[in-house]
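Should a chain be cited, it is by its letter among A, B, C and D, assigned in written order, with residues numbered from 1 in that chain.
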Amino acid sequence: MQTVTLVPKEQFKISVEAETITPDNFAGKSADEIGALVAFEGNAPRPLSELFDIKVDGSADAADDVKIDINGNVNRVKRIGEAMTAGLIMINGDVDMRCGAKMKGGTITIKGNADSWVGQEMTGGEINVQGDANYYVGAGYRGEACGMRGGKITVFGNANDFVGEHMCGGEIVIKGNAGILPGASNKGGKIVIEGDTDMPGSEMTKGTIIVKGTVKDLMPVYQREGIEAIDGVEFTKYVGDVVVDGVGELFVK
Amino acid sequence: MIIKDVLCPFCGCLCDDLTVEVEDNKVIDVQHACKIGTSKIKGHDRIKAPMMRDDKNGEFREVSYDEAINESAKILANSKRPLLYGWASGVCEMMKKGVLLNEEVGGIIDNTASVCHGPSALGVQEKGLPTGTLGQFANRADLVVFWGCNPVQAHPRHMSRYSVFNKGFFAGKGRKSRKIVVFDVRKTDTAEMADEYVQVNPGEDYMVMSALRAIIADKADVVPDSVGGVPKEKLVELGEALKGAKFGIVYFGMGLTQSRGKYKNIDNAVSLITELNAHGKHSIIPMRGHYNVTGFGQVCAWETGFVNAVDMSRGIPYYNPGETCSNDLLMREEIDSAMVIAGDAGAHFPAQSIARMGKVPVIQVDPFHNPTTEMANIVIPTKVSGVELEGTAYRMDSVSLRMRKIVDVDFPSDEEVLDKIIAKVREIKGASS
Amino acid sequence: MSEMLIKNATVYDPINNINGDMMDIAVKDGKIVDSVSGSARTIDAGGRLVYPGGVDAHTHIAGSKVNVGRIMRPDDSRLNNKPGTKVTRPRTGYTVPNVYSMGYGYAEMGYTTAFEAAVPILKARHTHEELEEIPIIDKGGLTLFGSNWMVMDAIRENDLDRLAAYVAWGLLASRGWGIKIVNPGGGEAWGFGKNVSGLDDPVPNFEVTPRQIVRNLAEANEKLNLPHSIHLHCNNLGKPGNYETTLATFDVCKDIKSKRDRQSLHVTHVQFNAWGGNHWGDFESKAEPIADYLNNNDFLTIDMGQLVFGSATTMTADGPVQYANARLLKARWSNGDVELEDSSGVTPLEYHPQSYIHGIMWAIGLELALLTKDPWQVLMTTDHPNGGPYVNYPMVMTMLMSKKRREEEMAKIAELTFERTSIAGIDRELDWYDIAIKTRATHAKVLGIVEHGKGHLGVGADADIAIYDIKPDETDATTEYNKVEAAFRHAAYTIKGGEIVVKDGEITATPAGKTFWVRSSAPADGHERMMEDLKMKFKKYYSVNFANYMVQDEYVEHPYVVETGYQ
Amino acid sequence: MNLNATFISGRTVNQGCNLENKTSQAYFDAAAYCEMNSKDASSLGIESGNNVKVTTDHGSVVVPMAICDGNPDGLVFIPMGPWANAVVDPDTKGCGMPGYKGISAVVEPTDEKAPTMPELMARLK
């Protein structure tokens, strides 16, 4: 087991892009070797050692035996955990955009809030956001057919607009409220919103959305199919979006 | 001297039939232009010389162009995250230089579409854009929809030149050949002259479009009695009118791009139009604001692959509105300098954004004193493109035309200023590497 | 300018009948010369393969449609990204690269000339803005005339001189090289959401048929003695069973005679027009009857429009076909009608080897090239980016050279493909000489630019030269296709106008290329009648003023103007 | 006496005419006013030209009131410009565009003076 502890040396103002911070990149490396990996502060390349205090305990042969603890606020550090395949990242604070983008495996836990595009285009693994998440949880990149394809994202607080846009697989659970248009244009996967939301499932062709709170506006493109019970709780089931001949299932309490 | 076939450097209509009379290098008369175009060509008080100040609350002092340019280059070259914003009131030739400068300084280049039709591009990326040139609509349209736009106020000659009153090959009776429908949240001057005004609740256009799509797909049974404040029977009637048109055109504006849902409104509108093409011919087009805001999108796309909001900090272009647009960056306080050129961030960004711009050095390149000037440290006055400088501009339908020069002035062009800044930046970066 | 000597080159220069001779090539002031002085810079090719710089006679590299593709596809622009270097600008995009990548990508493969295949006159200024920004390569554009009101009115009124005068004026206005016809008449019909169904279906409101449009424009083309023939995208593209329309269209020009040594008809991306069957269910290849026709007639040439599996961005002036595509595939759809002139559409799509429809399309392109006996009659293209991006040319070259390579690809393709095509039974393998024909010589000949120094290495030609890191006498392309493909992907040297622009596959210099266009004189009385009609149309129907319409000289900074005229 | 309203901004001809004349009184006249219908105005007990304070979650601004009977009840409009910007929503909603339309606002009569453009900008430095 290798534990790498990163403590930011300052509160970054200009955002830092640090796609190098992954268990895959850290596995088997010493603190010096990790410190030599590069992140970008705006347009300026900076070795991680300039940005973080780095401590390494133990060693690992592969990513699945690596745990990265980030102690402090990284709300201006983007792309942490990008494309990681295994291992664990624990962020004891807030995190910036695109955390866990293209993630394939492993686990990221964010104790604070996650900025937009957490889990963008992820295909596997698990992300837990204990605070709130901003826009586009598990969504895609502009113009791409698919957002999230696999894995699971859980947001314990609220999420903002466009949760799971273009989602093709995997699962998103929002324990709090979600903003407008969750599951827009999704083609698969499952979204559970335990709080309230607005206009879910527009242009959904496949997939499932379960809203346990209130839907402020239901899209006027859903066929009501009656009452169905999920885990013993009764929901009204809708099928749509009819405009795109969708067979997506929308359950509203 | 009478100059004919002059292009108007104000709005996206890019009218090219103006006649301007010039005497002693002064514009004395402008014919055929609207009130706004006339006002622009006749001109206003302008900044006379480059100015600088260290403290934004202090007084400006006049400086030489060289000093202002060198100082600007120094700021940009030493920035980690400079923002280069504006670009709409210039010609394409200067925009190319802007993209190059952005490469040199590793910054973000963003244009005024960011607070205008940027979301339209995002909608196009979702669904495409079935459109055409304005003459196509002028010659053919028998159903004209203005959705969330108000050309009477914003594009004064649009309705007489392209969309409503003009005759066309297949629309020989002009206004009488066409049915005009306006969707808006309030009864605008444009709505006043429409055959039909559909009042939509603010922020509910998206649902109205989805309901129309369902109706057109013969799935009206799922549509509730009222959507977005519009009764179902009205929506059914509109659906029939849309389906029955031989050639329908939707002109849309910031009523869609700036209201709830933003690009999703455009996304949905494009789908509506695409689906209507199974019945008649239908097109859709954004009503672009500045005369060459469309040109920036074109130039930026062919230079970088992306339409605006291009982040060059990593040496390759990256685009992601929500992350790389001016207001995203300003609200996150992550830029460390800004150049505002051929656009007025000060007048058109939310106060909080401007307050954040106030905390970093700001370079303004513009002929006129405006709210950005109030926030600037360096001000570099330039020629007024399309009046004092010729060059290329793209009309709202992406037809490019060559702007004419009407009068001569001594000010440098934007392009010349940018060339010098680029040269200086290269010198500074070369010395430090 | 300096001198250069390329020694020990294994040269294939079909225009000059040079077939793998070991020789030296001398270059002075950007041209091929007989000899140079002793102080010339010497490159020892060491027996490696040397071709004239590649020429692409049909590609979509610049202008409104291409930029629509870029704007609607940030998903494409995030591919193939490379930062700039000391000599290059940053690169983006795969199917719709940015202007820089467009030029670098061609040059890296040893290509030095490419012609944009669809330029609407009203938007020609935009096309030229992009062409000027594409570094290194020489360029030209083909101007769209096939649904133009001026054209159709002149044809209906049987006024061939007026038509010829308009073509001459339109080429000047667009700074164009030749007549492009896309789905003749269909672009106008699409103005009201309709299409024409074949050669004899009159264009609504204009009462002329596609047959008349093709025939009259071909005649006007020869009256003006233009360097290139008409360049035709047939009706019914993209519809099963369209090969019949294609064959009938060939016949329309069968007796057109050209004074020039070239075809009188070029039909483009025929892969998309050699389709049998009545619907997608019984979709099949009809490459054989098309190839038979070519084998029995020498007045026409075609290009392949080869399909490459993976991402493509389809873009064409054929508006209705793009709508049909987009609806079928539920894909993004952009349409771009151009008032009085034409239409266009852009739709991104993905070609899947496991789809038998795409498999059959893949096979048809190769069948056309391999079943047609005369290599000069079929140009290698992918109709970039419709069949796939041009950067895949090296792969297509190996498919033509190696049956084994084809079989390797066929293993991935849906079975039904092989019942509906003859590709599996074709043994023909093209050689180095054939490939030189198919990728440069015949492109230059078909375009009419051989006499302007393109597509060959004879004395006086432009010193556009590609040296590939492969020795033809030591390489068996039928088996060593991976090596061949790698060599074609990254030229050892690309020399453009005597300047080394690529070395070891890397861009070393980025000179500006020139733009070919034709200035043609026209019959005087035809011109007069034409101008009267044209000015009326501007007054009543165009949304821009006559005075602001024509492309100004400022937009063609590096012109190469060919004068021709009314005969 | 307050009006709970939905706020929007947008272009006008006069604002356009003075886009390059923003230090002038004409620009102030063109961009510094708040439109509402007569019914809403009388509910506030004010007439054209009386100042109102428009407040949203994002700020507040004082401008003269103008009547526009095309506005439905509860819809108020300020032309695009620095005065509108004082109350718009700077959140870009993940797509780059701040909220210039459809913002909940409270409008109340006031005796406070409307700020000039430089005064507005000075607040932001």
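To be clear about the criterion, a residue touches a chain if its C-beta (ideal position, glycine included) is under 8 Å from a C-beta of that chain, and two chains touch if they have at least 3 such contacts.
Keep in mind that what you see is a predicted model, and the values were worked out from it rather than measured.
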Ranking chains by how close their C-alpha centroid sits to the total C-alpha centroid puts first chain B
Between A-C and B-D, more contacting C-beta pairs sit at B-D
Taking each chain's centre as the mean of its CA atoms, how far is chain A from chain C in angstrom? 45
Using mean C-alpha positions as chain centres, tell me how far chain B is from chain D in Å, no decimals. 22
Determine the centre-to-centre distance between chain A and chain D, using the mean Cα coordinates as centres, and give it in whole Å. 39
Using the average of all C-alpha atoms in each chain as its centre, how far is it in Å between chain A and chain B? 34
In chain D, the residues touching two or more other chains are 93-95
Where in chain A do residues touch two or more of the other chains? 116, 135-136, 141-143
What positions in chain C touch 2 or more of the other chains? 72-76, 78
How do the chains pair up in terms of touching? List each pair. A-B, A-C, A-D, B-C, B-D
Okay, in this complex, where on chain B does chain D touch? 10-11, 34-36, 39-40, 43-45, 56-57, 114-115, 118-119, 122, 150, 152-154, 156, 185-189, 191-192, 199, 202-203, 254-255, 257-260, 262-263, 289, 309, 321-322, 324-328, 331, 344, 346-355, 358, 367-371, 374-375
Any idea which chain A residues touch chain D in the complex? 116, 134-136, 160-162
So in the complex, the part of chain A that touches chain C is made up of which residues? 141-145, 244
Give the list of chain C residues in touch with chain B in this complex. 62, 64, 66-68, 70-78, 81-84, 89-93, 96-100, 122-123, 125-126, 129-130, 133, 190-193, 205, 323, 326-327, 332-340, 343, 346-347, 540-545, 547-548, 552, 554-555
Parts of chain A lying in touch with chain B, wherever the complex brings them together: 13-15, 17, 40-44, 76, 97-98, 116-117, 135-136, 141-143, 180-181, 184-185, 199, 202-203, 217, 219-224, 240-243
